[in-house]
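Chains here go by letter, A, B, C and D, matching the order in which they are written, and residues are numbered from 1 within each.
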Amino acid sequence: MPVVSRSMRLTDRGIYWVLAAALAAAGLIPEFRSLGNLANVATQSAALAVLAVGQTFVILCGLIDLSVGQLTGLIVVLVCDVAAGRDAMMAPALLLAIGLGAGSGAVTGLLNNRLRIHPLILTFGTMSVLQGIVFTYTDRSVGRAPAAIAWLADGRLLGLPVAPLLVLVLAAGAHVTLTRTRFGMHVRAVGGGRDNARRAGIDTDRVAATVFVISGVSAAIGGLLVAGRLGVGYPHAGAGFELDAIVAVVLGGTSLAGGRGSVAGTVAAVLLLGLTNNVLNLLQISSFIQMLVKGLIVIGAILVNQPGGRRAFA
Amino acid sequence: MAFLEIRGLSKTFPGVTALDGVDLSAEAGEVHALVGANGAGKSTLMLALAGVLSPTAGEIRLAGVPVAFGTPRAAIEAGVSIVYQETSAISEMTVAENIFLGREPTTRMGLVDRRRLYEETRRLLDRHRLPLDPAAQVGQLTVAGQQLVEIARALSIAARVLILDEPTAVLSLAEQRNLFDIIAGLKGPRLLILYVSHRLEEIFAIADRITVLRDGRKVTTVATADLRQADLVRLMVGHEVRERIPLPAPAAAPPLLEARLNGSPPRLEVRSGEILGFAGLVGAGRSRLGRSLAGLDPIDLRIDGRPVRLRSPADGLAHGIVYLTEDRKREGLFDNLSVLVNATAAALPSLSRFGVVRLAAERRAGAAILGRLRLVARSLAAPVRELSGGNQQKVILGRALLCRPRILVCDEPTRGVDVGAKDEIYDLLLELVRQGVAIVLISSELKEVLALSHRVLVMRDGAAVREFTAGEASEHDVLQAAMGPLPGAA
Amino acid sequence: QGVETARVQETVTTARFKKAAPYRVGVAAGYLSNSWVVFCLQHIRYEASRHKEISEILVTDAGFNPGKQVADIEDLISKNVNLILYWPVDEKAIQPALEKAVAKGIPTVNTGGGFTYGPGTVANAFIDQVVLGDMVARQLFKDMRGKGRIIAMLPIAGTTAAVDQLAALRTAIKEFPQIELLSAEYGDWNRAKAKQITENLLQRHPRIDGVFSPAGQMSIGVAEAFEEAGRLKEVVMSPGDEYNGWLKWVTKHGRGGAVTFPTRVGQEAVRLGLRILNGEPVKRGLTVPSEYISPASISRYVEPKRPDDWWASTLPEEWKPK
Amino acid sequence: MSTEAERPRVRMAAIVSGLSAGWLERAAIWVVLLALLGVAALFSDAFVQPIYLFNMVRQAAPVGMAAIGVTLVMVMGGVDLSVGAVISLAAVVAAVLMDGQAGNIGYALAATLTIGAAIGFANGVLIAWNRASPFILTLGTAVAVYGLTQIYSGGTARGIVAPGFREFFNQRIGGLVPVLALLFLAAASLAVLVQRTTRFGRSLYLVGSNPGAARLAGLHGARLTVATYTLSGLLAALGGITLLARSGVSSTFAGRGFEFDALAAVVLGGTTFEGGRGGVGGTVAGLLVLFVAFNLVNILGLNYNTQRVVAGVIIIVASAAYTLLTSRR
């Protein structure tokens, strides 16, 4: 007789129900149903979605990365300043962004492995450092995003908005990586228990470093999208992104303790957040009440989805 | 030179010398047992061999080649596999994912080949007759199930050295026998099996040679054939096991605790001064019953003849029902807290006044009970996670005893405990019984259940199937009742 | 003097924005959690109430996030507003979104403390921060009799306000060789932060003769730090603005004064927007001038019964924030 | 030999009944603090002047009050990110209710504390009942509370502080110790006492260390959760009152970001997200490390941007030094 289960598994699918309900409710608003508006919502959410997908790797691995917001800001500023609106500079700017994102992630990963301090504190520190670097570089908006980047963020391909397509491709890639590759399994294993994963022969340090690199690269791509949308290198552009990303990841059913979660849930949660903003604006709800409502929606969604267990990081 | 040569191996932790210049040699083809009291250093030695801990000094040679496994990965690659004393599987992943973690089969495209992963797991489990579902989440398995995952994982690594650190501590008889069959089948000229256990019968049944450790040093290595059990005990704990005084008869009073059961007998009754033993296979539902007696699951319950409803273990405690869990790691230990705090955790109401803990009284009470249990620890303030497995068990047993139970439900109370301490625990249980405590004893060590219980209740598939009284039960009868009518032969 | 005079004076033809009433007016606020902005918005609402042709005011709040402000503007376009008044989190960052609006025939009016010149901004109703900074600096230097060491307390680093005010101060200081700028700090419009920064400045500099702080909100924090260190006497406070808490301080201490940062710029923005919707040609920039109020005449503006976080304004009582 | 067997083989010389690990773990952050102060003193003699140091304690008091509550919550294995919002709301409510009348002070403070506790209570109930992730739940509460505050204040900082209120809290006893600093130190000491000696304190550690085991040991995790979050809300409200007293600020976002300063202090102080470790003593040290760091870069005259870089590096280095001092491998 097989050794039977001890408890029913909690459903992690709550976010899809919440999203479906929100979509249905939003469908009652005439302006909402316009295709243009839907494309808007998807486009507006693209940068956050990319960052949140990256953060999903980090959180699944039982870590957290607060530095991505400021890293995004730095990349927005540098890309716009270097490119200065010239499409010819597109390639170098792209290389710079990805290189910087990966590099910064690698440094965070290295520090994480060497110093063994809680990643929340570590990345709180690197966030502060990055912020200092951004503002040392410039304290006001600089440069211009090349048209190609603007197209990436805001343009259309065969009538479809490009940024959401990009998100779709990246999310699909991330999903396959997490569920179908050895690396993805190792990420979940390390998140499930670092010591145990090590005992299974996994190079936990390498896995940890890699997820930080992924997170850094996602900040780079997110930064490109933000740069494209804003058109200029605005130094505060990334502020707060890290928290939004974390909220989306956890609302999407990924446990802060690591080991459990999905990219699809994250994307659904990002859409829910974007939808909320859009609908509240369309409904002309006063911004103060909007804030209250958004808070309540986050509370409601986490209560429905409950990827928790009374622990801070659970 | 022997296949495995360990020379002068030492390991110190802050404040503790766990291993002190241990020499050991073992040959391929043998089952080499490692015995010693709790805290003797057996697990530490095995962890060093498996690359989990780096030794402070000394040398390990495998087939003549010096090895220094900095990481478990290096050990695995060298063909050393281990079943850890504490389960090390990842709860969030499935059985199959855990077994092949780090060695997942891949398709030509580099993706994990899930079909092969599950097929190979299926085959492995079938080959060794391990009752596991490859797709089950490990977090939902019982302790025994998790232990089987560990074993399957170790077996899946084509090993030169297979280390088993108390693999049977949480297994019930059928699984234990199965494991011995597996070990017998694996035994071959190229494989060394290192076996750690406190169950001496097992050791005498399967080991070719025995190494005894005491206080971090090697005492001796002897061939099993040259040794009697009593000698081994003396080598391990320094004195012989005492003869046990026979069970006192329970008071002829009405039952202290009654509960409704599925099956027959339809009711469970324990009197003051009585030990009711539970036998059954893994997953028979003994633990579940024990948990409901403690207030973790709803059940029809009478105490002193009055019906009560327990909503939580706190309710249970209020009625004098104390539960000793089998799952030490998940719901027994406060890992990072001190030994003392662990021991007194459930007795705080009696150790405090106006919500303030009387620290001196707490310390006295804790020291007294842990002293009786012969705890080995650096200090009462040391975090409990630093203790050896058996000593951790003593701490949670001490916690239960400090609550002054009227009804004690103990689930595998001697899990991982050395013979000396086991004896001490038996004496303690008997003393409690003499003081009028009613005890429900759940144990997978059939000998233990039979020796200690006034009556033995056998469970199968979640239901009670039979009750034996002390004299009438034989090991054979109990086992047969537990396994049920077998198709074909017995 | 002041920002880009030629550009401000430039005439904008607005025929293509001409529309028939009723109008829906969108307000894309970069932020609303600031009392000055709240008063400014009340001015907008008040002015709108006086025009029957305005049927509705739609307000969005980006909460200091330019990405959200871009999205807000897109949402307002979705809602088919006829006019967008806005104050930016970052003026450059929302240009593309504003350009979309203009391309759709929706005129945009920048409202508040900065002047923006670009295809996304049809016109500005604004307070010239360079002029204001210059007025504050000169009044300070005058009160200091042209010499001494000063510190500057500025708003959030990188904002138009901070950049323009510091530029004005640096320009003015060139004419006063005996004035030395010890340090320029960013107090984020936050009284507590300004106080903490000043506490450290007081440790660092044994003598500080003057404080350049155009934002009254922060001036109070600065003054408090000086007072607690027992050094309020040695220092000259620059004029702040008509922030009620600062006005109370000025009343109590009889020094400092104020250079106004008029919240009625919101009203001017609505009028300007209506003219554009009428197709009347307008100037690219409509300046709402700052005035100096001496400590002696401060009593006409201060409202002692009101909270600190309040602005002297010309709003009728029932339109003041509740 | 038989008598030896009766006694526990433990060294009884063992230090104070340590809840979590050894003394080193608890002392490490103080060592780091002293080292940092030593370095700071090389740059400015302000860091050896008692009057300056006490002023720093006063600066730290608003965050510190909240950090005490956050510590207790985190020891229990939770986290409370709503404290920044509660601080802001409390400052606004207290100022509005005072309405410039000295006679209103008592009533205003009582009402403010009640509101703070009520928000904490709501957090606690939702977390205990639903087992939702406290990290996100309290983040949501924070957003909702900011919304409430804005609705209540209309976006301006309403309310007039009563005369005498700020003067009382800011006066320096003996010309040296500000009442606010004293109040904070008193609150912290009380919390240390509670955490060390009471059943409530002990329960926090037990539940934080292993909720399952705590349940079996007869503890009521849910009740404790509610009580602790309530306390955290209360202390955050006290932080808001402290902020109002220190700076007179009562705007919607007065306490924005304080939750992360508090969190940084708590974690620097050795309390972890896993729960069951650390304590208020460490938090006080961690808090002071942060404030010494901020003040040092400030007093050095570094510009704001460099400040951010240096502060970040100090946080990482201090934390790493702490880990090094306490690590056991």
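One rule holds for everything that comes next: a residue touches a chain if its C-beta (ideal position, glycine included) is under 8 Å from a C-beta of that chain, and two chains touch if they have at least 3 such contacts.
Here the structure is a predicted model, which is why all the values come from computation and not from measurement.
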Problem - Comparison of A-D and A-C by number of C-beta pairs in contact, larger one - result: A-D
Exercise for the section: Please identify which chain has its centre, taken as the mean of its CA atoms, farthest from the centre of chain A. Expected result: B
Handout entry: Between chain A and chain D, centroid-to-centroid distance (C-alpha), Å
Key = 29
Practice task
Compute the distance, rounded to whole Å, between the mean C-alpha positions of chain C and chain D.
Solution key: 36
Practice task
Calculate how many whole Å lie between the centre of chain B and the centre of chain C, each centre taken as the average of the chain's C-alpha atoms.
Solution key: 72
Exercise for the section: Could you tell me which residues belong to chain C and also touch two or more other chains? Expected result: 32, 157
Fill in the blank from the handout: Multi-chain contacts in chain D, i.e. residues touching at least two other chains, fall at 150, 154-155, 304-305
Handout entry: Where chain A touches two or more other chains at once, by residue number
Key = 135, 139, 287-288, 290-291
Handout entry: Pairs of chains found to touch, sorted by chain label
Key = A-B, A-C, A-D, B-D, C-D
Handout entry: chain C partner contacts - residues on chain A that touch it in the complex
Key = 31, 34, 36-37, 40, 44, 47, 135, 138-141, 150, 154, 226, 229-232, 234-237, 239-240, 277-278, 281-282, 284, 286-288, 290-291
Handout entry: Contacting residues of chain D [partner chain C, same complex]
Key = 44, 46, 52, 55, 59, 95, 100, 150, 154-161, 170, 243, 246-254, 295, 298-299, 301, 304-305
Problem - Residue ranges of chain B in contact with chain A within the complex - result: 50, 52, 71-73, 76-77, 84, 88-93, 97-98, 101-104, 106, 110-112, 114, 131-133, 136-137, 140-142, 144-145, 148, 153, 281-283, 461
Handout entry: Sites on chain D touched by chain A in the complex
Key = 74, 77-79, 126-128, 130-137, 139-148, 150-151, 154-155, 211, 221, 225, 260, 263-264, 267-268, 272-275, 304-313, 315-316, 319-320, 322-323, 327
Handout entry: Complex contact set, residues of chain A against chain D
Key = 111, 115-118, 120-122, 124-136, 139, 243, 246-247, 250-251, 255-256, 287-299, 302-303, 305-314
